[in-house]
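The first chain written gets the first letter, and so on, giving A, B and C; residue counts start at 1 in each chain.
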Amino acid sequence: MTPSNARSTLLMAPALAWLTALMVVPCGLILALGFFRRGTYGGIEYTFTLENFGLLLDPLYAGIFLTSARIAGTATLIAVVIGYAAAYAIAAAPRHRQPILLFFAVLPFWSNYLIRTYAWIVLLNREGLITHGLRMLGYEGEPPSMLYTEGAVITGLVYNYLPFVILACYAPLSRLNPELAEASRDLGASAFTTFRRVILPMTVPGIAAGAVFVFVLSIGNFITPALLGGGRFQMIGNLVYAQFLTANDWPFGAALSMALIAIMMGLLTLQTFAAEKGAGEAREAADG
Amino acid sequence: MTPLLSIDNVTKRFGRVIAVDGVSLDIAENEFFALLGASGSGKTTLLRMLAGFETPEEGAILLDGADISHMPPNRRPVNLMFQSYALFPHMTVEANIAYGLEMEHLPKAEITTRVGEIMEITELSPMARRKPDQLSGGQRQRVALARALVKRPRLLLLDEPLGALDKKLRAAMQLELKRLQHEVGVTFIVVTHDQEEALVMADRVAILKDGRLLQVGTPHEVYEHPANRYAADFIGVMNFIEEDGKTIAIRPERIRIFPDTADRTAKGKIVARAYHGLDLQLHVETDLSQRPLLVRVTADAADRHALAEGDAVTLGWNHTDTRQFND
Amino acid sequence: MAERTPASRVGLISVLILIFAFLYIPIAVLVILSFNAGGMPTAWTGFSVKWYGALLGNADILQAALNTLIVAVISTLIATALGTLLALGIETRRRKGRALEALVFAPMIIPDIVLAIALLSFFSLLKFPMGLHTIILSHVVFNLAFVSAVVRARLKTFDWSVTEASADLGASAFTTFRRVTLPLILPAVIAGALLAFTLSVDEFIIAFFTAGAGRSSTTLPMQIFAMIRFGVTPEINALATLVMIVSVTALTLSQRLNRGVIAP
């Protein structure tokens, strides 16, 4: 098949039509909804307003944004640290074992999210396995409250997104020429200095991309806070959910999800910009 | 006087492969030493043991008389210039060169001076702020060299330093390396599989085959007095004549055409001729060997005798110019 | 790579063991508990498959399983066809605009909740009745993106000269596709389909928002969500185990057919 734009367009048409009808238009609709007023009985009143976006700055909702950002940020940080260590260990394993190790590290990511979250209820439950384990070790007091805490939510997020971070960190680590680390050692650097000054800087741009996704997926998550936070932790995802299914304030829900998309796009742009700036600086230096 | 470096009966295996097999070698201060050998002969492995990236299974490596076989690479006063250069892509030329000095925790001012000096010597100053991917092959090679040299190591190991360069640049850099070595007064061990390069640059040459040392000597020694058939074949061009179960070897430039006097003469026919710059290489069929003998004549002599393909010629040489091998 | 000291090798192996323990112990616990006669996580009271039996007797769950299967199969079939054509279209294009790349990448990165409420608003404003069919329509959106990503990765290493050879030998464009291109990319297409199938079987949020009211369009993940909210029950363990088995089988097959689908 030789390149031909006419045929290519024809081939793409059904899928692009589908995406347009069921993704672009609905998302555009949401964007538009954000500028309308909430009707008295929960419907939509078609008059233009910026109120919904103004409401995002309301201390109550801004607070939820901050809580969400804190929880998502902590989860991202932990996932990146653990995930990087795992990816490093996999990249350091013998070449022929790496594919299988990676496969098993990533496999859970593609399986059922609800079930993986549910597993933590079983573990963290007041009468769950961890409590039981403590009892067996002679612990007598009240069962520790682990479920329905911020810690539980963070654990769930880390658990669910860790495979993704491992995958994101593995890619740059496995591409790294091992001779660079050797050259650093040869020039007198310790193993730790070599890591800090050579390996880490060279793998950080790839990791940043992974971190952005984990952060965005976490901040917009509503299953984990609902199940492991027991509804005590409102995150943006839960707020959106509530606007559509209980509070019936669709315009505000639409504005919230636009904010979510804005955060994602902002972070992605920042990350791309940072990566391109690095390359640009180098180019500039060459011209000078 | 103890030699700078003493490699004492060193062996290294990778599973069933013996990469380096009982190598012993002494290298003197300020020597320019070349390790020659075919691909897979163990050159890189030997260098990596000297640099500290592999540990010998048997034998010892002594530097200034002290055993360094188990010293980690970052503590050895030995530096390696990698075959791939291994420049840090995220650092500028300057930062690459300064890296090794920073590891020694030298004062900033001293680092700046020394980096500046070495960039002058290696003519890298104009590109101090560039990153490696904005340099040409020859410039990268010089950065790799400068980065290792600036540490003033006792011993500099160079793994195929010119391997990635084109022919013309290689020739220029061969002399450049030699000049630099002179200027900074560091002992060099260079790995190459280009025998011509080794002969041009080195004070002494070692030939490795299957992890074993076949011969060590000055370029003149190994060229004129190869220790065995492999060495004779490996270095330069050699004609082999089988006679009475012996192998007679003679260099193309030692064979004369239409000699006035010669210990040995043979008649033959020119089957091919090829220009080699000023010289002409003739392929002459004789009944002495299956393969045509290679004969090197000056363009001058070729003109004089009006040599053409298909012409009959008489070849001659002296016994003192031949070598005999029994294997 | 340089030799590692025994200490650093032990360190790296310990990291791997800890990570894999963290990833797999929670899942293993569910699987083990699903065979626990007593059903409670706190005491092992003997091996039993009675919770699996209980599932079979639960009409709601059976209905949900059937619904899930319908959604997954139909949306996978549509997405595989559309996604493969999309991939072929993109990869045979001379210039790929940034907008096009963004459009086909978007379904994979948009937070589920956003796509879910967008579709809900869309369907309800159009007064479009919701049910299994709207879940199918919605699932195709992300499924086709994943299928096309898998097939595109395969096409990137595809040697197009074989199709030119086929044309040179007299085959029409369609015959070339059927006899040369398709057989060569088929493993990737099937791998993409298997991935789409798993994603669809497991997808909860979008299904939840686009299912409309009523039990008739409840899928398994929705059923599981409801059961979890209700509390820890032994049936969930059995159900979770079965769902995991389906996912893992499809994913492993997918990876076998075309390395790089799940992990490089």
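In the analysis below, contacts are C-beta pairs under 8 Å (C-beta built on N, C-alpha and C of every residue); 3 or more make two chains touch, one makes a residue touch a chain.
Note that the coordinates shown come from a computational prediction; the quantities given were computed from them, not determined experimentally.
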Chain nearest the overall C-alpha centroid of the shown protein atoms: A
Maximum centroid distance from chain B, chain identifier (CA atoms): C
Centroid distance [mean C-alpha coordinates] between chain C and chain A, Å: 18
Whole-Å gap separating chain B and chain C, where each centre is the average of the chain's CA atoms: 58
For chain B, residues contacting two or more additional chains: 53, 73
Junction residues of chain A - those touching two or more other chains: 182, 185
Where chain C touches two or more other chains, by residue: 2
Partner chain C, residues of chain A touching it in the complex: 1-5, 7-16, 18-19, 22-27, 29-30, 33, 82, 85-86, 88-90, 92-93, 99, 101-108, 110-116, 118-123, 125, 127-129, 132, 159, 162-163, 166-167, 170-171, 178, 181-182, 185, 191, 213, 216-217, 220-223, 226-227, 237, 240-241, 244, 250, 253-254, 257, 260-261, 264
In the complex with chain A, residue positions of chain C that touch it: 1-2, 4, 8, 12-13, 15-16, 19-20, 22-24, 26-27, 29-30, 33, 40-42, 81-83, 85-86, 88-90, 92-94, 103-104, 106-107, 109-115, 117-122, 125, 137-138, 140-141, 144-145, 148, 160, 163-164, 173, 176-177, 181, 195, 198-199, 201-202, 204-205, 209, 221, 224-225, 228-229, 232, 236-237, 240, 243-244, 247-248, 251-252, 255, 259, 262-264
Complex contacts: residues of chain B adjacent to chain A: 51-53, 72-75, 79-80, 82, 84, 86-90, 92, 99-100, 103-104, 129-131, 133-134, 147-148, 151
Interface residues, chain A side, partner chain B - complex: 177, 179-180, 182-190, 193, 197-198, 201-202, 278, 282-283, 285-286, 288
